[in-house]
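In structure tokens below, several structures.
Each of the two complexes below includes chain A, the first together with chain B, the second together with chain C.
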Partner chain A sequence: MSSPFADLLGTLVRQRGVMGGLVVSESDGIIVDATLQVGIKGNVVAALAASLFRKARLSSAAAGLGEAMFLTLEAEHGRVCAAGRSDLILVTIADPRTNLGLLRVEMLKGLEGGTLS
Partner chain B sequence: MSDDVRRLSDELARDPSSLVFLQLGETLRKREQLELALKVALRGLERHPHSADAHDLLARIAVDRGEMQRAFDEWDMVLRLDPKHGGARKGMGFVCFRQGKLHEAEKYLAEANALDPDDPSTVAALENIRKRLASGNGGHPERSESLPRAQRGGSRHSHPSSGQPPDGDQYRDPSPSARDDSGPDRAARSTQHAADFPRDPRLLFADLIGEEERTALLLDAQGLVLAGAYVSHEGRDVAQEVGAELSGVSEEARRAMRHLGLGEWTSIVFETQVAYVAMAPAPQEGLLLVAAARTTPLGLVTRFLDRAVALSRTWLESLR
Partner chain C sequence: MSVAVVEAWIEVPLRRFVDDARVMLALLLHPSGQVVAQHGFTRAVDVMSACALAAAIHASSGELGRQLEGKPFAGLHHAGQERQLFLAQVGTARGSYIFLTVFDRGSSLGLVQLYFDELRDGLARAAPPADEKGPTLAENFEGELNRNLAVLFGRA
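So, the complex of A and B:
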């Protein structure tokens, strides 16, 4: 049986360079659903994304900057993106070839779709 | 909605061509509802394009939004429409002062003073500027006096042509260490001493920030603030709170990247409803954070981040 997030994750992982898509609980970093290439450590991605997104949300609140919506962590050989508005966040892990702009649009579109709320 | 705003809004709705928009815009401005104030002023100007008071209102809102050049231009328009408008001259003097153009500031304030010699705020401001000019202290007041703000909408300055003009204190330079050299040039130099930087570490990035809607903060590995400032739109320095919430980010990202085989992390950028916030690893396991308004192109934010990292590296080296 497919989860309500299957279509959304399927759309994301079809993007060039995307190695995995996850729906993660922001409060504890637990994976709710994921589509990952073999070898990707989903738990590590989920824990990192949830923690970073939480910190972004809290620091943004402390600075009076409103709600955090989208986050990107860039590294030498890839990137992790996260988008969210509720306790559930949408996460992708991608290699440097990814078109970040396109991926961002797709992830925010995924949020707008209301699947995560 | 407060009674005043409601009453004025109703009045304006009944007669959209009335000049009550001036009062409404000013009330909203004083309450720091700057976007609304701006809308009201712009709509009013559509109907009254030759109203000096309407341009004056727009100038004061622009100052609150940190848009100094726009404020100057609006006051310039006020003077074309009403050459004897003393408030506009005070306003232009104030903007010039904030931009470090002390001679021009003195000229505008002297003209305002000639029009209204009994205005104590103009007299005090003029005295302070003349003292600075006489002492040869031409340091940039914006760089030495104010802190970078996270949101320019919350400027703490009162307004030269409002009911509460700036007093003489706003024209003082509290820091004798004010210097006029540019951040990028400074960051590019490799052999520098602590004396080359502002004495107050909160002002370390002031040159880089300039008049832009940006802020920068250097945190140590524990999330404690080393340099820079983060002033909220309420005018409160929230650097420690922001630092506390972000403590451990650097180490966490490094460990996770190692597990995932993605190499070293180079930046984290997140967008909020009103700003871009970007972070990068800083020397000694610290974290450099910059924030900029959403209107800033993201590419410029990351460039600003790179320059702030370079500057903080040089500064930390100078402390050794």
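So, the complex of A and C:
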């Protein structure tokens, strides 16, 4: 039986260079659903990305900027992107070939679509 | 962050866990309820109570796991309104230990599980071989417990 997030994750991982997509509980750092390439440590990414996004959200609120909605971590060999609004956050792992703009649009569309709210 | 240990080999892995996972309380004990390390407790009596309860929870959840799945559960998580509890077993060359930790919104279950895996590996690597003394016997349990509490709270 597929989860309510299967279609959203399927759309994201079909993008060029996207190595995995996860729906993660922000407060627990636990995977709700994920589609990952073999070898990616999903549990580790989920725990750390959720912690990062929570801190970004708190920083944004403390700075008076309102809700943090999208976060990109640029690393040597790729990017980790996270988007969220409620307790669930959407995380993608992408290599440098990925069209970040397109990925961002798809992730935000996933939020707007209400799948995560 | 202060970590108090009865045996020196526990200190480095436990300190790293406490620093990384940002937990409020951490306790390492023998399955008998004998404490060997703690972080975050200020009173010996609280450590004693927590150890007794953790040993009892571990024994009963382990048996429940054996009844349901033929083996003890790997870990136990309880989420309260503000604080959460994680309890799991650690295997080393010196035998098994129970690890109990309490955390709030400054951490998360995912982070605690992630760093617990590192703690378990770190303790397994750091543990010296088992000594000749063997497990604490019922007749000297209280004496050993009091000695360990005195070490942890600087009264030895």
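By our rule, the second predicted complex is superposed on the first by the 117 of 117 C-alpha atoms of A that agree within 3 Å, B and C clash if a C-alpha of one lies under 4 Å from a C-alpha of the other, contacts with A are read in each partner's own complex, and residues count from 1 in each chain.
Everything that follows uses one rule, which is that a contact is a pair of C-beta atoms (placed from the backbone, for glycine too) under 8 Å apart; a residue touches a chain by one contact, two chains touch by 3 or more.
All figures in this text were calculated on a predicted structure; none of them were measured in a lab.
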{"item": "Fit or clash - chain C, chain B, common chain A", "value": "fit"}
{"item": "Partner chain(s) touched by A:G78 [first = chain B, second = chain C, both, neither]", "value": "first"}
{"item": "Partner, of chain C and chain B, that touches more residues belonging to chain A", "value": "B"}
{"item": "Partner chain(s) touched by A:D28 [first = chain B, second = chain C, both, neither]", "value": "second"}
{"item": "Touching partner for A:A47 - first (chain B), second (chain C), both, neither", "value": "both"}
{"item": "Chain B versus chain C as contact partner of A:A62, first or second or both or neither", "value": "first"}
{"item": "Touched partner set for A:F70, first chain B, second chain C, both or neither", "value": "first"}
{"item": "Computed vertex angle (chain A) for partners chain B and chain C, CA, steps of 10°", "value": "100"}
{"item": "Chain C versus chain B - closest C-alpha approach in the superposed model, Å", "value": "8"}
{"item": "Shared chain A contacts, counted only where both chain B and chain C touch the same residue", "value": "44, 47-48, 51"}
{"item": "Chain A residues within the chain B interface of the complex", "value": "40-41, 44-45, 47-48, 51-53, 55-56, 58-60, 62-80, 93"}
{"item": "Touching residues (chain side chain C, partner chain A) in the complex", "value": "105, 107-111, 113-114"}
{"item": "Complex contacts: residues of chain B adjacent to chain A", "value": "150-151, 230, 232-234, 238, 241-242, 244-246, 248-249, 252-253, 256-257, 259-275, 277, 291"}
{"item": "In the complex, chain A residues that touch chain C", "value": "24-25, 27-30, 43-44, 46-48, 50-51, 54"}
